[in-house]
Each structure stands twice: as structure tokens, then as C-alpha cells.
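The block underneath contains the structure these notes are about, expressed in C-alpha cells.
In order of appearance the chains are A, B, C, D, E and F, and numbering begins at 1 in each one.
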Amino acid sequence: MTTVRPPSDPESDPRVKAVFDDIRTTRRTDFVNNLWRSLAFDPPLLERTWNDVKALMATPTALDPLVKEMLYVAVSIANGCSYCVHSHTAAARAKGMTDAQHAELLAIVSLAGRTNLLATGLQVPVDAAFDAAASG
Amino acid sequence: MTTVRPPSDPESDPRVKAVFDDIRTTRRTDFVNNLWRSLAFDPPLLERTWNDVKALMATPTALDPLVKEMLYVAVSIANGCSYCVHSHTAAARAKGMTDAQHAELLAIVSLAGRTNLLATGLQVPVDAAFDAAASG
Amino acid sequence: MTTVRPPSDPESDPRVKAVFDDIRTTRRTDFVNNLWRSLAFDPPLLERTWNDVKALMATPTALDPLVKEMLYVAVSIANGCSYCVHSHTAAARAKGMTDAQHAELLAIVSLAGRTNLLATGLQVPVDAAFDAAASG
Amino acid sequence: MTTVRPPSDPESDPRVKAVFDDIRTTRRTDFVNNLWRSLAFDPPLLERTWNDVKALMATPTALDPLVKEMLYVAVSIANGCSYCVHSHTAAARAKGMTDAQHAELLAIVSLAGRTNLLATGLQVPVDAAFDAAASG
Amino acid sequence: MTTVRPPSDPESDPRVKAVFDDIRTTRRTDFVNNLWRSLAFDPPLLERTWNDVKALMATPTALDPLVKEMLYVAVSIANGCSYCVHSHTAAARAKGMTDAQHAELLAIVSLAGRTNLLATGLQVPVDAAFDAAASG
Amino acid sequence: MTTVRPPSDPESDPRVKAVFDDIRTTRRTDFVNNLWRSLAFDPPLLERTWNDVKALMATPTALDPLVKEMLYVAVSIANGCSYCVHSHTAAARAKGMTDAQHAELLAIVSLAGRTNLLATGLQVPVDAAFDAAASG
């Protein structure tokens, strides 16, 4: 089930085709996953979204590619996005994440979830030492 | 403001003192931050929480210490825990996170937040290719 | 799958029948969607929920009906309620939401999600200018 | 800071005065907390909100009053509502919640937060045995 | 669909078998639900998670077992964990939760969700009276 | 308190100055609010964020400017971003939102929050009628 009807022949729109081609080239695969197929209902939204994802996730930056993907998984779990947990866990595995690293990722995410709720439940006042604006 | 009254002399309780001493030794600092001071209202909860945090975050494991701290920050942001964002960002800086890495962390977290909401809004069906149980 | 067993013949209960009849009359349709069928396991909860939804969403108020429905979709996405995203997107379409408006709705929701996380990650202090209590 | 300017003399509006009087009578106190003072900017919203809270939280129902208040605290923590965590923790204490019960409440909330994220990260399929619709 | 491939014969690992045996003994059932089967991909994570759940949820503590389970359900709903809502609602029913109690649980959770958003939307300042640190 | 130290003289960086100038010109005000001052610690992140906000929120598009701002407020409330609730409520007021419209916005957001949690608690199956992919 979905809330938009993905176009039956999305690549008949040249803007969609250009994005799909770029996805295939950038990722070196023929596979275009459903997020992009759904977004094809609105080519400008598809373009902007892909450009942002490509610039950060498919381009060398300060952080290691696997670390970036694991951060993406962590946020997707915390936000409860089932699709994104699936797609980015698969991407992390494709980038070399081992079972041990996956288990540790889940352990950290769930530990953070636990202490986040403790701090919120206690309404712990922020220590002055943590204020970046005050540090010399 | 807080929802529990932290004990005025927490270390008069030997269980609290033992945890605080371990925090100071493990982290090589005299500073015991407010989360632990708040948790001191219930020594068993304090002990269990510290033991879990220590085992994962203050002990060598599969992932790099800075990566672990950045994952913790990412989850804390997504969960909207103000205290935890402050404390773990400070911890990540103490472990060497540069401004460029911090900016990239925030960029990934916010990009994930954006595509998480897109996927949820579109109710994108999960691609069969992402099913770990089906992979060979 | 569900966590309550919906009654097999819900309208045999006169309180349930009255609500279902009102839903059909108010919405000018024979279709009673699953949320109401699930809530039928507890007639008072069904009545209170429908009365609140009807008073705000099926009655002329200050805001335009389509705007109200789009606000409902936006919150449902942010809260990650799959059922509600489906039902209220369908309702918005029934009230005339075009593909272009839907795309823009998703663009705003996801942009807000992105800057929400940036502001939370940065722990930006609230500007004094935003305090409604202080404005003249 | 706040997003609405609470009326300086809210009880000059008879609808507001009636709600505030009912709060004081129902709770047997002169104290009207800030949530109601903020809501006074829109008397109908104030009335509907108070009526719902009163019917469920200040009236004998199936569940014990302290249990109801602890459930309220639990949800408020999970939703990250700082004001509500404060107000409902104070209400739970006023209804007799001990430090030990408070610690256990926080332990359960944070344990649930932890396994919630594990299940979401693993995308665990729901066991058929949990389907209420299928049970005999 | 899932993000980890559960081992086909999990109990061939003695650490997994020990946990599964303990689950069966503690719960007096042959049924080991999918969360534990998924976690079996990493025996240490399985052990730690089960030990924590057992210590709090399957051991007599300050709060009543049904109350604990209802708190767990409440948090799972607020966190949007579909699996956990199913598993803990089933557990609450197994511990005696009636339809009336279930309806009231849902009523409280959803009322809290409503006033949480009102307080956040209004950005209500916390009343000084709610500060536990200030109380005598 | 904040997690980054905003530059003391941000406009000495020409990229920051260009963005700040564009904010002032676009919004016809001298006021540059704290979100942008915080983001100035990383000029590329500042540029990308402002460009996205400007393209959607400060440019004529399919939806009415006030409706867009109200959608932004709705998501910010649901995401629990205190800063964003303040800044976008102020922006909505500047675009003409009345007290009555504000009250109705809060009423819809909180009603959605309530039924979102009910649907999640009940785990209501999505009606086939809501599937956009199936509609003719």
C-alpha cells in the first residue's frame, strides 16, 4: 500500500529518467529502489531529494562511508521509519558492516534510547560544563 | 528544575560513592555530571545505568570510540533529548570531533530526518531486495 | 493483525450503530473505515473519539477543510502513524488535494523535519523576539 | 517564553472563570497551573481540554488513580514533553508515588524505550500468536 | 521482512539455548517469540537484553505485574513500535487485562498524547511548584 | 546553552555575510534569528539550509504562505522542537495568523496526536480503500 500512485512508466519523463540514470551510475547497479520510484510522482521533489542524498552519502566527505550509513540507520531507527531502517541497513551491509558491527550499532542506539528517556524523565538540568558557547 | 530531589550528600551512600568513584576513575576526571547526580536518588538504578554505559561506551569494542559517541549524539537528537545532546556532543568533542565532523554529523542526521518523513509520508513499500531473511 | 478483536457484528450494539450511522450520514458514504470498527470494542471510547473528530474535522470552522486535512496528514507523518497517514491522505485527496499540493505538503513536512533536527542538534537558544508574552 | 500571550486577567472571562473554579474545586487547591492559564487564550479549547482531563483523570474509573497518573508520566516522557513530565510527576507524587515506585517507573519506561528501538532496528516480524483478531 | 537473518538453528549455540531455556522456564511456556529469535544473531546482545527484561518484568518488584505491563504498552505506543505494542498488549492480556482496562489504557495514552502536544505547542513555562529540587 | 560556539563576528566570512544579507533582503528585516547565527559555524551547511528554506517558504508556490507556515508549526510541535515551535509560530503570526486560527491549529495537532496514538495502540489494519496504487 502507498499514498501516491507511482507512475507506471516513470522513465518516460526525461527528468525522472535523468535521476534514475544517475542513481544507477552513481551506485553501479541496475536497481532503483522504491523510494525513488514513489518520488517519481513529482519530478522536482525527486531531483532535490536525490541531489541531497548524493551530495552527502555518495560523495567522499569528512566521515567514512560506512560510518555515515550507520548514522543514517541510527536516526532511522529512532524516528521509527521502517522503510529507511531496511534500506539503510542493507546499504550499510553493502558497505561492509559485519554482524558484530550491526549488533554494536543496535546496542548503542538502544542504550541511547534508554538514557534519553531517563534524562527526560528526571528532567536533568544541563551542566554548565557542556555549554559550547562558554568554553574558552 | 527537576523531577527528583538529588541527595544533598550523595556519596554518603556507599553504593553511590562506589559508582561516582568508578566514573571518576574510568573517565580520568573529577567531574561527575548531573545525570549521575540525579540517578543517585535510587542507587540500584544508578548502578545498572552506569554499568551499561561503561560496558559499551568506556570499554574498547568493535567500533571506534568517536564513532560510538557520534551515534549516541545522532540518536539523542532524533529523540529530542536536550540534556543528552549536550552531554554527548561534549563527549564527542573531548574524543576529538572536529567542527567539520560535527557539521557533517548534523547534516546526516537532518538529511535522514528529511527522507524518513518522505518515506513515511509516501508509505513506500519495502523492496524485497532489502529482506535479510531472504538473502543467500 | 490487531491488538483488539473487533466485534463481528458491531452494529448490534445500539451505541455503536448510532456512531456508525452518524459517520455515514456526516460523510455521505456507506464506508466505515477500520479505525471506527476497531474502536467499536469499547462504545464510550468510540463515541468520544468520533464526537471530537466530527466537531473539528467535519464541521465548518475557521480553517479551510482541505487545510485542516493537510495539517492532520502532516502531524500523522511526523508521529509515524502509518494508518493515519493513509486515511488522512485519502481524505485530503477526497477534499481536492492535487498531486502538486501533495508534493508540496511532503516537501514542507520533510524540510521541517530537517530543520527541527538541526535546531535540536545545535540546541539553538530561543530568540527573545519570539516570546509572545513579551510582545506589546 | 511562550507562544501565546496568556490573558492578564483570565477570570474576567466567565467561561475561563468557570473552568478555573472547577479545577480548584475538583483538585481541592487554589493552585491553577500554567497549562490552564495558557489555554485561557481560547476559552473553547480550554473547556474541551479540561473536560476531557477531568473525565478521565479526576473521576473514579476502572484503573487506580496513581496508576493512571503513572501511565500519563510514562507517555509524557516518551513524547518528550518537558512541561508534562514535570506536572504529572508532581501529580503522581501528590497521589502517593514513592521514590521506589518512581525509580521503577523510570526503569520500565527506559527499558521499553530500549527494546522498542531494538525491535524497530531488527524489524522483527509480529508473531501470529499476538494477533487478537485470530484468537479464539 | 527483517534486517538480520535469524540463525536457522539458533539453539545449536549454547548461549542462545541457555537464554531460550530460561525464557521458557520463566514464562512457563514453550513459546519463544520473534524478538528473541531475531536477537539470537548476536548472543551477547540477546543475553543482556533478556537479563534486563527478566529482572524488571518477570521478577516481583514494587509495582504490580499488570501495571508494569501496561506501562510498557503505553511507552511502546508512544514510541510507535508496532512489534512491541503487539507483544506487550498480548502479555498484558495474559496477565489479566480486561477490555475495559485496555480501553482505559488507550484513553489515557491518547489523552496524554493530546495534552503533550498542546503543552509543546503553547510552550508552557514550567510552574515553580513542580520543581522537586525546591520542595521541602 | 548551545552545542556549537557561534562565531563572534560571523559576517567576517563572506559566505556567511552573503547568506545573512539574503535573509535580511528576502524577509525585509534587519533581524537574523539564532538558528542562522548557530549554523554560521559551518558556512556550507548554512548555505544549503537557507537555500532550501528560502526556495520553499519564502517563494510563491502552490500553497498559501500562511498555510505553509502552519504546516511547519504542526510538524515542529509533533517533533518536539522547542526552538522551531517558537520561531515558526512567530512567523505564522507575522503572516496574519489570528488567535482563533492558532487555537484551531493547536486543536487539530492535538486531535491528530490523540487519534495517531489510538490507531497505533489498536494496530488498526489499513483499509484497502486507502491504497493509492490500487485506485483507478
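Heads up, the rule we're going with is that a contact is a pair of C-beta atoms (placed from the backbone, for glycine too) under 8 Å apart; a residue touches a chain by one contact, two chains touch by 3 or more.
Just so you know, these numbers come straight off a predicted model, no measurement behind them.
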Give the chains in contact with both chain B and chain F, ordered by label. A, C, D, E
State the chain with the largest centre-to-centre distance from chain C, centres being mean CA positions. B
Sort the other chains by how far their Cα centres are from that of chain F and give me the top one. E
Is the contact between copies chain A and chain E built from the same residues on both sides or from different ones, judged by whether over half of the numbers are shared? different
Would you indicate which option in A-C, B-F or A-B repeats the interface seen between D-E, with over half of the contact pairs matching by residue number? A-B
Please work out the Cα centroid separation of chain A and chain F, and write it as a whole number of Å. 20
Rounded to the nearest Å, the gap separating the Cα centres of chain B and chain D is 27
Separation of chain E from chain F, taking each centre as the mean of its C-alpha atoms, in whole Å: 33
Touching two or more other chains - residues of chain E: 1-4, 48, 52, 75, 77-82, 85-86, 89-90, 100, 105-107, 109, 111, 113-118, 120-123, 126, 130-132
So that we know how the chains sit together, what is the shape of their touch graph: line, ring, star, complete or other? complete
Under the definition above, what is the set of chain C residues touching chain B in their complex? 73, 77-78, 80, 82, 85-86, 89, 105-106, 109-111, 113-118, 120-123
Chain E partner contacts - residues on chain C that touch it in the complex: 1, 3-4, 41-42, 44-45, 48, 75, 79-81
Residue set of chain F touching chain D in the complex reads 80, 85-86, 89-90, 99-100, 102-103, 106-107, 117
Going by the contact rule set out above, which residues of chain A touch chain B in the complex? 1-4, 31, 33-35, 38-39, 49, 52-53, 56-57, 61-63, 67-68, 70-72, 74-79, 81-84, 86-90, 93, 98, 100-101, 104-105, 107-109, 111-127, 129-132
Chain A partner contacts - residues on chain F that touch it in the complex: 1-6, 48, 52, 126, 128, 130-135
